[in-house]
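Mind looking over this structure? Questions follow.
So that you can tell them apart, the chains are marked A, B, C and D in the order they are listed, and the count of residues begins at 1 in each.
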Amino acid sequence: MKPGIRFVARRLAALVLLLLGITFVTFVLTALVPGDPARAALGPIQGENEEAVRAWNERNGLDKPLPYRYLIYLGNLIQGDLGNSQASNTPVLEELATYIPATVELAVSSILVAGLAGVTLGVFAALHRDRLADQVLRVVSLGGMSMPAFWLALISLYLGFFLIGWFPGGGRLDPALNPPSQVTGLYTVDALLSADWAALGSALAHLALPTLVLAAHTVGYIARYTRTAVLEVIHNDYIRAAYAKGLHARTVVVGYVLRAALPSMLQILGFAFAGVLTGAVLVEKIFTWPGIGGYAYTSAITLDLPSIAGVGLFIAIVYVVVNFVVDVLYGVVDPRIRIA
Amino acid sequence: MSVLSIADLHVDYRRRGRPTVQAVAGVSLSVEKGQILGLVGESGCGKSTLARAAVGLVAPSAGTVEFDGSPTTRLSRGTRPAHLLGLQMVFQNPYASLNPRRRVGAQIADGVGARSRTKVRADDPRVAAVLELVGLPTSAAGRYPHEFSGGQRQRLAIARVLAAEPSAVVLDEPLSSLDASAQAQIASLLVELKDKLSLAILLISHDLSVVRQVADVLAVMYLGRVVEVGPTEQIWSDPRHPYTQALIGAVPQPDGLGTLPTALPGEVPDPARPPSGCRFHPRCPEAIARCSVEQPDLTVLVPSGRKLGTSIDTPIGTARSAACWLRIDTEAR
Amino acid sequence: MNILSRRVLPRSKPLTVIAVTVIAIWLLVALLAPVLAPGDPLSQDGTPFTAPSGAHWFGTDELGRDVLSRVIYGARLSLPLALLLVVLSALIGGTLGALAGFLRGPVDGVLMRICDLLFAFPGIVLAMVVAATLGPGITNAVLALVLISWPWYARIVRGLVVSLGEAEYVTARRLLGASTWRALLDDVLPNIVGPILVLATLDLGGAVLLLSGLSFLGLGAQAPVAEWGSMVSHGTEYFQHWWLGLFPGLAIFTVVLAFNFVGDALRDVFDPHTGRAHG
Amino acid sequence: MAEPLLSVEGLTVRLPGPNGPVTVVDGVDFTVDAGEIFGVAGESGSGKTMTFLSLLRLLPAGATVHGEARFSGQNLLTAPAGELRRIRGRQIAMVFQDPMTSLHPMLSIGRQLTDHLRTHLGVNRRSARARAAELLDEVRIPDPSGALRAYPHQFSGGMRQRIAIAVALACRPRLIVADEPTTALDVTVQAGVLHLLDRLRRDHGVAVALITHDLGVMSALADRVSVFYAGRIVESGTRADVLRDPGHPYTDALIGALSHTGALRPLPGSAPGAAERPGGCAFHPRCRYATERCAADDQTLVPISPGHLLACAENPLTRPRKAVAP
């Protein structure tokens, strides 16, 4: 497996470079903004004191050349210092940490739902290409992709909570319940682990609408591109050869068609993850879901730059790490890459 | 004087982390005016690389290619020098070598205006004339490539090249994507054009049975080296190199007799790690000890097989030559 | 355009025709907004929170403004801005991509690494950071979105220039003495137009979504301008008054859906794998 | 004579086209006997591949098939899907033209050799692998047990085609349909594959339907030959009948194009596409012996000697011989 190790090492090096690039982008955006951070930090009275401003700038390295300031910024990042929120004056990292589990729970559940449904629908559409089912799925998929997530969230909340009342109106848990003892921070998992069935039911009920809303957008995307990936595979001679061997249609579809489409589908899922994260930023506020999306919304409205940059940095890191994993898996599932 | 002469040409492909591949490892060939030189060999023998190097699409790592007595240069970002425009190439795939979005007339007009470096209109009478030359109606000029069959497209590609009034044309597997009848049509067109226009043609193919019907001189290539050269009929009736013998023996005959062609054992070795000595020796049924040690050079033989002298420096014309110790050793003494 | 008429129209499916019609209707609405709108999108002369009725088909908002008029005027903002966004991204990305593909070497390397970097951020997140940094406003929102959109065009155009530049018909042309520029202009660029047109059409829907998304976050159009995204945003604050959010959202949805349908049909035509038409 | 292994009558295949369905196979009759190599010759687009794909019902969606095809008592065209599946790979196996594309690039050779073995014969994984190694040995793949764990891209074209043949051979079918099995290979590699096919026929008595445009390949292996042109059979007979004594001007021209004596005498024009098939004898626009009759009348296969059938009204090549015959 020496070539395999080299493959992973190359990807890993690329990942590190990409992460550096990302921090550079957020550095540029936050460090070079117009405005005077010193005056903002020192407040109106101290901010008029030239000496205090100079001392503050010196203390924070702002009098140094840019590359040096980037290094300081990097150094701070490594120590987990993402700056303080302008709104609450608490460290951004601390704030992020309280919101991350909620978003992870939501993102994972939607990508699971969207992935399962999207792949199934996409494969089905490809196998029934140009027939009625394909046309119907085309409308459904494109419809999902075309719906603004924040609007869908609004409509579903109106219908599901306000009108028919089947779903809770927001949050992660019934306010009357105590959150299950924290292990992972994901309420559903924690409730399962602590066998807290009431909390589990409530967590699932709260999770349902936001998950469906986020999945609705992504499912269309996954279905559409899965269809394309399967169609690219299905015309190949080796598929016809598999049928000619007398294999069951099920074996051919799962063992041959999907196997060949697997690398493409992994990439699709990697991209779809971006859709889920984007959607989270747009809809969490509507569902009063206490995740980083809602946090980002609030920060954006209040123009709290360190917080926004923190969210951007976090999401970008998650996203590139997910895609790194996808890349490595791609190498695992395609023997031509694994060995070459 | 040879129109196109290739002397001791080497082409290496270097790739990071992999051994260098000697795609062409010391080939000398020359093509005369009004002559078709057929270069045959199996996939991976380096014949396409040789073709591309001959017109300057690939840089040789050693050796020279001379056209009309002056050395050729590699096609770079800049414009191709005027004195090389008489050396043209026809590609394998007639579906890829014509622009699908431009009318045929405009593409042939590119060729008409090539020498004078002028913009020629698609309705120029010279466009019609060259279409007629390759046996297509002049109305073809107004149509798009997808309206033609594979054989017709290959005629169009040839027409575009002829429009530039070349003196030498390199054709890289021009027949391999065509049906049998289209192959024969294009092959006989080449013979006709060679005679009519006194062209020097280097015809590259893996298919010995088609090439032997049109080539005046045959060169056989194996793993980057030319192993045998000579007048086509002589080689076909009396191949000297064991590889040529195997190649000819492997062509199945449509004689209705039910005889199986002769199989050649083994596989073509990895060109990145060519065998020592004669590159064919591991598969050669007649190999002797010397074959695995010393690399034989292409050596001119007389019909009786007597050695005349090494030919590494002089371009090989139609003289009967082979690169095989068996011939050089035994027939020389 | 003859490629489009020759290839798309004869084979058009009814859904594609409907989609084209929907786009045409929206363009007309944007063009004729003053004529079509029953009232002024900014005048606050209605009773706040009137449910849809004969007088106000789409109801009125929290300030008594007519929602229908605002939705109609919203088309004047969203459609041209989406078009502007796509055209700018395609021009910038296309030019840079073509240069990278043509020059190769270090220029190419640097440009593609920049693209990789920008791809690393999920679109709206980076746009959000940029828009917040530049300050909220519709111009800054468009700029922020151009920043995240151009790399897609750059990468695709670069890929096409590289692969088409190696096409045998380009090599043949070069052997006939054409300069690299000549071959690029005559043989490569015309073959890129089709794919870019598809990408741009597909992208129009996405552009409308992104713009309305930034406005929804308060980083795009500012009050009191009638903009669909910010109208939905207000709708979330009064969500029991469903008409505030429903109609502008429906407007976004129909426009985006129509663009996606046209783009999807175009892709079927141009993609050799999934489409039946060839190169 | 014993019942033929496969008998096809009046087979017609239509494929959907941009301007309505086009007939790609037009009323074809032939038989394949057990253990023989039956050659199907013709240029690309002549319908020879479609004929055999239609027998295994592997045509693209939207294709319609008429006629009758009996394979050891069963009607292939009407057999229920489950039954047909048990015939595919088990009774009739296929080898495709391009070994680069007919093996799945991401599945190991072992998997591709054993999955139908296990489906059809119900053997367990262990014995299926043992059998697979035997098969690889039989088609002369070096290090069979190592090869089972390898992937297609690790083999040369010739080796891949040997593996594809091993896949076809796995369940000991009674008929192998080999569609241009050597066209993508170099001539010296082709010779090896032809030897392999010949040996398999001798050792196992498997019948082979050999589809090829190369009459040289045909001559090396086939016992009987049918020549396709524009969706129809224009001549059929024993190898010697068709190749040494061709009756149809098209067969004659094909042989002429390959002949190793005399000048190049190319056949003018190109074979018509399925949508633009001319009336009368489809070959008449390219035929140098054509008369008005050829353009007017459809030609049917009629015997000109025992076992030698010809669809040519003018019969220019056989007439002199007939005149000489007593």
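Keep in mind that, in the parts below, a contact is a pair of C-beta atoms (placed from the backbone, for glycine too) under 8 Å apart; a residue touches a chain by one contact, two chains touch by 3 or more.
Bear in mind that the values here come from a model prediction, so they are computed numbers and not experimental data.
J.: Tell me which has more C-beta contacts between its two chains, B-C or B-D.
T.: By the number of C-beta pairs in contact, the winner is B-D.
J.: Round to the nearest whole Å and give the separation of the Cα centres of chain C and chain D.
T.: 52
J.: Can you give the whole-Å distance between the Cα centres of chain B and chain D?
T.: 32
J.: Between chain A and chain C, what distance separates the C-alpha centroids? Give it in angstrom.
T.: Here the centre of chain C sits 23 Å away from the centre of chain A.
J.: Mark out which residues of chain B touch at least two other chains, giving numbers and ranges.
T.: In chain B, no residue touches at least two other chains, as defined above.
J.: Which residues belonging to chain D are in contact with no fewer than two other chains?
T.: none
J.: Specify the contact topology among the chains shown, as one of line, ring, star, complete or other.
T.: Here the contact pattern is a ring, one closed loop where every chain has two partners.
J.: Got a list of which chains touch which?
T.: A-C, A-D, B-C, B-D
J.: Hey, which residues of chain D end up touching chain B in the complex?
T.: It is residues 43-44, 156-159, 186-192, 194-195, 198, 213-221, 239-240, 242-244, 253-255, 257-260, 264-271 of chain D that touch chain B.
J.: Considering only the defined contacts, which chain D positions touch chain A in the complex?
T.: So the residues of chain D touching chain A come out as 53, 56, 58, 61, 85-90, 93-94, 96-98, 101-108, 115-116, 119-120, 151, 153-154, 164, 167, 171.
J.: For the complex, which residues does chain C have touching chain A?
T.: For this pair, the touching residues of chain C are 13, 15, 113, 116-117, 120-126, 128-133, 135-136, 205, 209, 212-213, 216-219, 229, 232-233, 235-236, 239-240, 242, 245-246, 248-249, 252-253, 256-257, 259-261, 264, 271, 273-274.
J.: Give the list of chain C residues in touch with chain B in this complex.
T.: Listed in rising order, the residues of chain C that touch chain B are 3, 167-169, 171-180, 186-187, 190-191, 278-279.
J.: Of all residues in chain B, which touch chain C in the complex?
T.: So the residues of chain B in touch with chain C come to 55, 57, 75, 77-80, 82, 85, 88-89, 91, 93, 96-102, 107, 110-111, 114-115, 117, 146, 157, 160-161, 164.
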